[in-house]
Amino acid sequence: MAAVEGGAPAPGVSGPADGPNGAGSLLALAGLGKRFGGLEALADVALEVPPRQVTAIIGPNGAGKTTLFNLVTGDLKPTAGTVHFKGVDVTGWEAHRICALGMARTFQSPRLFENLNVIENVIAARFVRTRSSLVESLLGVGRSRAEHARSVAMAEELLRSVEIWHHRGHMPKELPYGDRRRLEIARALATEPELILMDEPTAGMIPSEAAELMALIRTLVDDGRTVLLIEHNMNVVMAISDSIMVLNFGRKIAEGPPAQVQQDAKVLEAYLGVEA
Amino acid sequence: MPLADISLAYWNTVLIFAGYIAIITLGQYVSMSSGSLSVAHAAMAGAGAYTGGLLTRDFGAPLPIAMLGGALVGFVFGIVLGFLSVRLHLLVAGLMTLAYSEVMVVVAFSLDYLGGANGLTGVPALTSFWLVYLMLAVLVLAIWRYDTSRLGYAARACRDDPRAAAAMGINVAWVKSLTFALGAAVAALGGVLRIHYTLVETPDGLGFYQGMNFLILAVFGGSYVVWGAVFGGFTLTVLPEILRFSAADRYILYGAVLTVIIIVRPQGVITRVPLGADGGARWAWRLRKRLMARLVAGGAKRPGEER
Amino acid sequence: MEQFFQQVVNGVMVGSSYAIVALGFGLTFSVMHVLNLAHPETAMVGAFAAFVVATLFTTNLLVVIPLAVLAALLAGLLIERLAIRPTRGRHILTSFIATGGLSIVMQNGAQRIFGVDPVRVAVQVEGVQTVGGVIASNMQLMTFGLAVAMMVGARYYVRNTRWGRATRAVSEKHEVAQALGVDINRVSQLTVGLSTAMAGAAGVSLALLHSQATPFMGAIFGTKSFVCMLVAGNRHIEGIMFVGILLGVLEALVAGYISASLRDMVAFGILVLVLYLRPAGIFGSYEHD
């Protein structure tokens, strides 16, 4: 897979800040919890995501992994705890502000803009990194031309790097499932995130596709981005993550480097349902 | 089908009607581009008409000032209504616009200054065929460019998936309110042109039945591409005039056409990519694309469309 | 005070008809996720069917009412086949326009056949009941009884019958219901048929109460019923009944004490007020995400 050239982290916002919750971590969660009525989907989760690493979240279905993503990205408001991103307390912020600060995500089942074609899906995500006003765009003056050209160039670059450039003029519904996921990743990268959250990116992919995606994730990290990953495919997780957090019934049951988590009795129990 | 009364004056009238109706439908299109459901655009056009009419009648303002003033009032009403309904479910927001329309009817009805039930009269005749079509052309061009602008893409992202749009850093509430207001301003502009041709604006023209009509025109014509709105506004105004039946027969046909077309082409008559991907449609599409490329060079080419 | 109660009684009678039409609106919406704009026109069909039967054949209510309901039911099944089934699962605006087109056809078709002016529906039920000076005609009581019977029937159907339960399953999620072997087309027909049959009965009731029918009665009537459905929420049968009757009563009081010309504004007033007071709450049941 080609190197990702477009969509480097936004200038001036790179580098971790020393937040109140742990110096050196890009994302820091403390006591995070979410109730849906009577259901406690997530409770008392603490997590430090160091920069330029791959951190994975694993756990059985319904463990609360997606809910955690929704809380971090501002899609849902937590009922307890705090989220610090780049040292800023972003708890309860609206999703678009958090994205503007340098965070982007993909969804468990891709949510594309179905009435925009593939490349336009990516261009639409440039909104947050462009500034030209409607009047400038209508008259084709000022920043608008340069910004538009740059957005198109970056979009093409990103489509190449996730290898769906040949689909650029198609509508999303014409794409095979795996390519929809790739498009979502390209779209997220177009917002120039420092931290990218991927919710089960290899679901529905054949092993060779999954391997390509791992390579892509590696390039992202090499380019200075940080990845937080939800993943079911244990081969992927073990191969690619620097550290792993395990959730079960909304609670953190283990945390650490892959080799250590693999041995953890509680994890084996959660996954295999055996008394270890 | 008999084509009666082909006098020039008659067609002049019909075409002017079709022209400003197409403009108001364009306003509906812009507001819908971010996913709003509105039956308030008749009321927006009405607000523009009342404002413009008062400006020229009582303040001796020239028409351009009246147009500006009308559009501004439409924008302000639009942004307020947009903000009030942006967080509501689509249908509820639609109802909000319905309620707004009915409130506007009552306001126009009860203010003596606005002429009450008789409506606003005594407005000077300032709208001509050429003016209407000049404005239509300018607006089509502007909105065509809007569609491929930063705001236009963000709007359609909001329409397709607000949650994903927010996750991609788009301020959904702001984009939706702003585009709603811009559409309201365009509709109000159409209203200003209208009153300076018909010379009267009555409260019942603001109600939600009229508003629903503009919604139908836009959805029928196709609400995903600017030509759809123009096509819908234009054909559904001119068509009944060509079909010289009794009023009832005409509406029966109109209703039947609406039902059939929307089932056959759920995105409206004009869509971005031809739905029936048969040779004829593809051919027409390519021809259109080539023509457009010739007519208007530059900015509005949709990325990924050719190359 | 007597006059007040008289207005209330008149309002309850008309309001129960609003409620019946609103119930059908809500039922169709919650099950098929389709806004059937032609729904109130089936009430108009019922009213004109009553007119035709009463004029040409007999004024016997036991014949007039069932035939009118049957006519509305057939119209409803036609609408289902032409505009609801083909638009199922599409964007809400698609069904909106498809059924709206049919509604225009039906209104103008009726006008073509019967003319613009109201026709006289010459069916009479003699006699009145008087309680403490408040008068209710037997006709009013009969139509009210009809409305209540339909409410109870609809409630029983949805809660307690096999098809009613299938209906509720479909209203939750079409794909799931389909996977469980529920025939969605069948449910669609049943739902729309039931809804429009009730609307037909409401249409006859109105035609009998006012002794007339007009091609555009569905439009006026439909708007108000629609508001009732929205205010009460599409899934609450009792709520719809309550709001419908409340609207009828408020209209009667406004017409009686303030001005008859304001009568038709009451529905919109309620709508604005409710939107203002709880813009999101009551419509929670409209999410189909």
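Think of it as A, B and C in the order they're written, each chain with its own count starting at 1.
The rule is short, and it goes like this: contacts are C-beta pairs under 8 Å (C-beta built on N, C-alpha and C of every residue); 3 or more make two chains touch, one makes a residue touch a chain.
Keep in mind that this is a model prediction, so the values were computed, not measured.
Chain B has its Cα centroid nearest to the centroid of all protein Cα atoms in the structure. With centres defined by CA atoms alone, the chain at the far end from subunit A is C.
Each chain gets a centre from the mean of its Cα atoms; for subunit B and subunit C, those two points are 32 Å apart. Here the CA centre of subunit A is 39 Å from the CA centre of subunit B. Remark: subunit A and subunit C have CA centroids separated by 50 Å (rounded to whole angstrom).
For subunit C in complex with subunit B, the residues that touch the partner chain are 35, 82-83, 86-87, 90-94, 96-109, 111-112, 230, 265, 268, 271-272, 275, 279-280, 283, 286-287. By the touch criterion given at the top, residues 142, 145-146, 149-154, 156-157, 159-161, 163-172, 182, 224, 272-273, 298-299, 302-307 of subunit B touch subunit A in their complex. Touching subunit B in their complex are the following residues of subunit A: 73-75, 94-96, 99-100, 104-105, 107, 111-120, 123-130, 132, 134, 137-138, 140, 144-145, 147-148, 152, 155, 168-169, 171, 187-188, 190-191. Contact residues on subunit B toward subunit C in their complex (touch as defined above): 37, 87-92, 95-96, 98-99, 102-103, 106, 212, 215-216, 219-220, 246-249, 251-252, 254-260, 262-263, 266.
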